[in-house]
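Each structure below appears as structure tokens.
Both complexes below contain chain A, partnered by chain B and then by chain C.
So, the complex of A and B:
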């Protein structure tokens, strides 16, 4: 991590709520590089993030926490590496109602170092939707790989849920900080 | 060499064959031999959700330790000893070692359990017993009238009145033991995940360790509790983070977390009853090493973390 930089990356597939989550805690509405979604088969929404979302939180001592949202589509995979570089932590958002949600879990967890480089907290939305995968399936998938990452059912339209993800990330960071100080 | 007796009491064919083959591999390792016997003669049972229901049902109410085998994306049974099929020989060895240790302390544990059974832990103990049973699609019930709590025996959901759910989350319900229900829940009862019932039942029951939690054992988290559902506190998040990084005994957890013993005991009780706690003897379930990150460059973040928490209103 670069001295003085504190970066939290929100990642996950298209439509999982990354932009919404950043907007919930950013001081100002996130700067988004949305384009018209030309993949309406994969996800039916008008706009999607092609480059990145950016938000920030100013701290009292003049420092700032930078919030980045990655593009969700696999073809923008190169952006994940760029944005994930030197991240303090990763918040992975998934949509339990998407049929390939477990494949996405694996793909994003692996892309961001499986929690070894920086802590990953997983927020799963729409778990109560008809036909959605149960939250337990996500935890089971990680457990079968020997990964003990936090997996919470969340609705990122609720600020408290986004704060829970951030606070969990901070608890994991704090522990690492205490051990390496 | 010591010998323990184990029986298959309902297990799918492929899991049963794998288990029998692994028993041969394990035979004699670590000074302990496991012999395959009939369920009547066994000290330990192994059963699965896709096994022979007739056989499994007969042994559903046994007090013998039961290894529950589950498959695919099925919910992990809320029992202390589980294996996800296909499992590896080292995973089986870890579970059997845990059971062997538990059986070694049977007399003491039984005494502790009996003294608590009539008071604080009655309902929790019955929930644990239900977790050892094979699911038959039945409902079990505790309590009377509007205060009743119905639990499905596959431990997926429970049904209760909205007021009962509020009291469960807020403080102890002090329910009697579960019994087989003769009728279904009223239409106005809400349906909630059993994980929630197990967590809050154990959390509120006592600020001392539950009879089934060993104060000297090393524990780690098998998986994180769903704090999105439970609305976890900062203290609970911190304890979960500690048990993610490494195995801890109760005393180590108190020391590392700098939290009161009562907090730690409640947390261990809740994790144990909710089925997310593993003893350190249990083998890691996969090739990748357990644990999360090592924050090699994350030192001295304390000021930033405190500043961010303060800015977001994340007070403890």
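So, the complex of A and C:
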């Protein structure tokens, strides 16, 4: 079992659901730095994250996870590096209904070390929406770059879906520990 | 990726003039950016456009994190943040009741008088607030 306290970072483009996902699983109401969104063209929603999200969960086996969310918009890129520092693992959320979802996949995978610094688990939302990219497209894109990362279809509003991503990441961490032990 | 939102031209013009007045009347002011709470540059002074965009994004992150810390500490609303170093000062202040929410970030040299800088920046914010309420 993995023990101790882990720092996990939720990242991905605007509207993918980082803030929603952390709120769905955090034991306590998360710290939010959401502000009025003035760019309804980029993504039509009322609020957007300017700083970070922060939540916390205690797991049944005694491990605890600190959950950090990044802002999604590119001008906040400097926060990605600050928040990504010392992360045990990354959960990358994407929105399959966005036309540029695969470009975003590449960009965020690269920005967070392509799985080499710390493991990455990919959660794809809205894959059932009309005109959305199929899940396979994400796995294939990664494969074409020689990367094998777990890819799941998720609804970030559902606690169980988000916990699946966290559990998978913790499993990868455990495997990594065994390999280096 | 979109080009970003547009803010009212008249109000932006007023803001630009206020930033210029701030720099002219306050010794030590190096640059200033008026920014939206989600990190867009609304008006700027004495910084290249890339610098202004970066400062706007960073200023909005700071102010969002400052507000979250204030809430956590139970002191309700963060009105300004001051970053001091041996070589200068950065002040980020909220523009009261602006729609959309805005902040002013001012960078000053270490030889500025902090009290004077804060007072001048505050006045600048109040005038800008009026323009963004109309």
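The definition used in the following text is that the second predicted complex is superposed on the first by the 169 of 181 C-alpha atoms of A that agree within 3 Å, B and C clash if a C-alpha of one lies under 4 Å from a C-alpha of the other, contacts with A are read in each partner's own complex, and residues count from 1 in each chain.
Everything that follows uses one rule, which is that contacts are C-beta pairs under 8 Å (C-beta built on N, C-alpha and C of every residue); 3 or more make two chains touch, one makes a residue touch a chain.
All figures in this text were calculated on a predicted structure; none of them were measured in a lab.
> Could you tell me if A:137 is touching chain B, chain C, both of them or neither one (first, second, both, neither)?
first
> Who touches more of chain A, chain B or chain C?
B
> Could you look at A:117 and tell me whether it touches chain B, chain C, both or neither (first, second, both, neither)?
In the superposition, A:117 touches chain B alone.
> Look at A:167 in the shared chain and tell me whether it touches chain B only, chain C only, both, or neither; answer first, second, both or neither.
So A:167 only meets chain B here.
> Have a look at where A:61 lands relative to chain B and chain C in the superposition and call it first, second, both or neither.
Once the two structures are laid over each other on A, A:61 reaches chain B alone.
> Between chain B and chain C, whom does A:93 touch in the aligned arrangement: first, second, both, or neither?
neither
> Touch check for A:78: first (chain B), second (chain C), both, or neither?
The second partner, chain C, only.
> Applying the document's definition of touch, where does A:31 land relative to chain B and chain C: first, second, both, or neither?
second
> In the superposed arrangement, which partner chain does A:156 touch: chain B (first), chain C (second), both, or neither?
After superposition on chain A, A:156 lies in contact with neither partner.
> Using the touch rule from the top, collect the residues of chain A that touch chain B in their complex.
1, 6, 25, 57-61, 63, 65, 88, 102, 113-120, 123-124, 133-137, 139-140, 142-154, 161, 163-164, 166-168, 170-177, 179-181
> For chain C, which residues are in contact with chain A within the complex?
Residues 1-2, 4-5, 7, 36-40, 53-54, 56-58, 60-65, 67-68, 72, 100-101 of chain C touch chain A in their complex.
> Per the contact definition, I'd like the list of chain A residues that touch chain C in the complex.
So the residues of chain A in touch with chain C come to 31-42, 48-52, 71, 73-76, 78-79.
> State the interface residues of chain B toward chain A in the complex, per the touch definition above.
Interface residues on chain B, with respect to chain A: 73, 75-76, 84, 220-224, 226-229, 231-232, 234, 237-238, 240-242, 244-245, 284-305, 307-314.
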